[in-house]
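Chain IDs A, B and C follow the sequence of writing; residue 1 opens each chain.
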Amino acid sequence: MEDTIKVAGGTGLTADDIKSGKIFLTEDSLDCAYAWDTGVAVNRYLAELKQGKIIATRCKKCKRTMLPPRLFCELCFIPCSNWQYVQDTGIVNTFSICHVHWDATRIGKDEKPHLPAVIEIDGASEGMGIMHLLGEVDPEEIKIGMQVKAVWKPEAERTGSIIDIKYFKPL
Amino acid sequence: MNKKVAIVGLGFSGFGTTTPDLSYREMIFEAATRCYEDAGGIHPQAIDSFVASSEDFMEGISIADEYVPDQLGAVLKPVHSITGDSLQGLASAMMQIKTGQQNIVAASAFSKVSNLSHHEHLVSYATDPVYIRPFNENPYFIAGLEMNRYLHETGTTRDQCAKVVLKNRYNALKNPGACYGARLELEDVTGAPALSYPLGIYDMSGHLDGAIVVLLASEERARELTDKPVWIKGIGWATDTPNLDSRIEGMGSAVYAKLASQQAYRMADINNPFNEIDFAEIDDTFSYKELQHLEALNLCGPGEAGRLLELGCFSPDGDIPVNVSGGSLGAGYLHEANGLQRLMEVILQLRGEAGPRQLLDVETGLAFAWRGVPTATGAAAVISTRP
Amino acid sequence: MMRKVAIVGAGMTSFVRRALETPKELSYQATKVTLDSCGLTLDDVDCIAHGTAPDAFDGLHQNGEYMVDGCGGWNKPTMRVYVGGGTGIHAVVHGWHHVASGLFDTCLVVCEEKMSSALPHAQAFFLTIFDSITERPLEPNLLWIFALEMNRYMERYGYTKEDMALVAVKNKQNGLKHPASQFSEKVTVEDVVNSEMMAYPVSRLDVSPVSDGAAAVLLASERVARRLTDKPVWIEGVGWSLDTAYWATRDLYYPRYTDTAARMAYDMAGIREPDKEIHVAEPYDPFDYKALHHLEGLQLSPRGKTVELLRDGHFDIDGNLPMCPSGGLLGVGNPIAAAGTMKVCELFWQLRGEAGQRQVPGNPRRGVAQSWGDLMQVSSVVVVGN
């Protein structure tokens, strides 16, 4: 059967085309700087992290204890003002063993892989997870459903950031 | 397909040069809550679809669409983003209702430009990376080029442009949501340092943070939700070429405004806009733009805007009051939310809710927004109290 | 009564790793070949609905404004729509709004992506898709979220990496017959499973490549469509849905956004039993597991039984429900927004019997295409029929 698909253009280039100077390039790097207002809910979240605590908000209507905390419940669409501390332990909902950095460069031979995970925090409603990292664990040993606990930076080094928790380690 | 579309809810929040107390999500939640309350306390679960207007670089987020649903109550609902002015977003919302698939659609936009350190950088990243960017100039030179050509072609004067600034910033004194209200003298504007000759620093609007949400509904649903609907009679949008040097009528005229308004007028069955439009909120990102746009929108003849301005034709008590809200020069520039800010004033005036700046006996208003340099994109909406 | 809208023309560029053409030029080529395919010129086009994914790839603010003249948008109404990775199919939904609303009679839908301009690698620009305050400090790579989702999906149903690799093998096999494909080599399950590990469980060949390319379709109202062609392909249903941005609070094993979007589209198309009423499917497959995940969300396969059906040949070109006959993103390439539109092009060609060596047998009469994007949270679905 004849292929009647119309294709035009999309001329492929090789690395040599560029290295040999056959193709001209204009290079630029972007200089954009932002300072995001954290707002009411996340500001408190960060302030509590600095104190070594994890805080959530609770919706009075659907009764969800939500992480990260929010000023409003996105489902009931009402404000939330009930703050509630949750534990710094949880279970691994899912995980990965990642061999590339954020910029897609491969990790070096001596570097350990990144161990991102979704962790369901104890004390928050079922399924309320946050993204974080795992540590002090052999990657082969990680299992979905594993119990973990936060490892905090020393108090003096905390800045009010999600990385005030270094990682979560197996309990 | 021939459904009439009404605006049944309006909510806003923020409107400050900085808004450090709220995150953008919290600010939009506040605007959305007010909007839904304005539409009879509708719960967002009862809204069929949602449209946001945004640009990634303004927010410092790749794919800003990700963070749209929660603060609008739109989780697991049809939601999409238009990377355009919020009047284009309004058009997307309106078209959805006119297909018959949706009955109630929300349109939202916001600015958190205070979180951005150098807006000029972003503007320069919108210019052609090969032809323009290597010049490494402050991108507002483009506005200087446009203004100079506009003055040259039409005989409009520098002073007439400055009088736009005086009018709009004075109007803003009666608008509690405006941040740049002032009583200025002509010399304040003409004697101010140049930004890019002939454009001075006072000819450019200042930044503003804020969020606006409007709710649209089909005729049947509009009657249930509110007793004060206003109707979108016509809408239009258009883009001239993005290449600065090949615009069809050169840099002196605003072809996009002409094409967009022609589409909107045709749909609204308006043949003589000067007689049929009672007042207008039109883009004044730069002072000359208000005059250039007035001509392109056919609210006056070519080259007449400056003279008519001096005669008071566009003052609050004139034949066609223009930017009674203060416009962007007086209220502040809301970036992608610019169009909804223009629309908001039109809604308030038509509803009779504009307080001390309320115009008398107004039935039909025009909102027009431009996307700023270096673009040649604009959108127009004709709004009326009559369906 | 809704206004009927047809697809009357389609076209695309080749998908390549690094294109000589600029984004404007790629858009132009896809636009021109699409207009030529139905014998129209730009004068016949009322408006432009276009799409391209993150501006960061191009280093261009207001990227839609930049590419608009390449799409033929000069002095016309143009509007760019954006739902991240889902943009390619969503732009067709967006185009449908333009025509079905009665505002326009013809709408050109153009999607373009040039990922090769971004250095060192387009993936780096996905750091900025994560929440700026609560996630970005962890320095996440884009692959994380997919690896986390794939792991959760496999764990839920006891699927293996070999099971997932079957999709990559099948789609890449189909793609070899696509004239615009970026690939020329067959792969085996062993090749996929043994390819470089990137983020367990995602290996290199589980993932679609980085690509440059563009694709377009022309939409027309019934009156115009009947005049242009005796083989219009009608848009019978559209649906889209966006889930919460708090992605870590959802259970990732099931794409409920796809479920909601598909039900909306089926509802409009009057489809009650999608697995029987749909004859060809183009689910979004940037990763092999995603095609299966999406088939379940699209109600085209029972949850947890999809691998069984795949192994039985159910989704082969000559199976009961051919899946990704184009080759999909895994087999043709993944210039993000353009890849979605390519899937709609494929359905257009399949339903007209013009898909050449890839033609699904038995004169398929109805097809579904679906895309996915943002933070694993949006789906756009288009159902077409003839």
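The rule is short, and it goes like this: contacts are C-beta pairs under 8 Å (C-beta built on N, C-alpha and C of every residue); 3 or more make two chains touch, one makes a residue touch a chain.
Since we're looking at a predicted model, the values are computed, not measured.
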| B-C against A-B, pair bridged by the larger set of C-beta contacts | B-C
| request: From the Cα centroids, identify the chain that ends up most central relative to all protein Cα atoms. | output: C
| request: Could you grab the centroid distance between chain A and chain C? Build each centroid from C-alpha atoms only and quote it in angstrom. | output: 26
| query | What is the distance, in whole Å, between the centres of chain B and chain C, each centre taken as the mean of its C-alpha atoms? | reply | 33
| note | For the pair chain A and chain B, the C-alpha centroid-to-centroid distance in angstrom is 36
| note | The positions of chain A in contact with two or more other chains are 28, 30, 34, 36, 38, 42, 74
| field | Junction residues of chain C, two or more chains touched | value | 59, 132, 244, 246
| note | Where chain B touches two or more other chains simultaneously, the residues are 57, 60, 69-70, 75, 122, 125, 129-130
| query | Hey, which residues of chain C end up touching chain A in the complex? | reply | 10-21, 25-26, 28-30, 32-34, 36-37, 59, 120-124, 127, 132-135, 137-141, 143-144, 147-149, 151-152, 155, 178-180, 196-202, 212-214, 244, 246, 248-252, 345, 349, 354-357, 359
| Complex interface listing, chain B residues touching chain A | 19-26, 29, 32-33, 36, 43-44, 57, 60, 69-71, 73, 75, 112, 114-118, 121-122, 125, 129-130, 133-134
| note | Note: in the complex, chain A contacts chain B through residues 26, 28, 30-42, 70-72, 74-75, 77
| Touching chain C in the complex: which residues of chain B? | 1-2, 55-57, 60-63, 65-70, 74-84, 88, 91-92, 94-96, 98-101, 122-123, 125-126, 128-130, 236-243, 248, 255, 259-260, 263, 267, 371, 374-375, 377
| note | In their shared complex, chain B is touched by residues of chain C numbered 1-3, 22, 53-56, 58-66, 68-69, 73-84, 90, 94, 96-98, 100-103, 125-126, 128-129, 131-132, 238-246, 256-257, 260-261, 264, 268, 373-375, 377-378
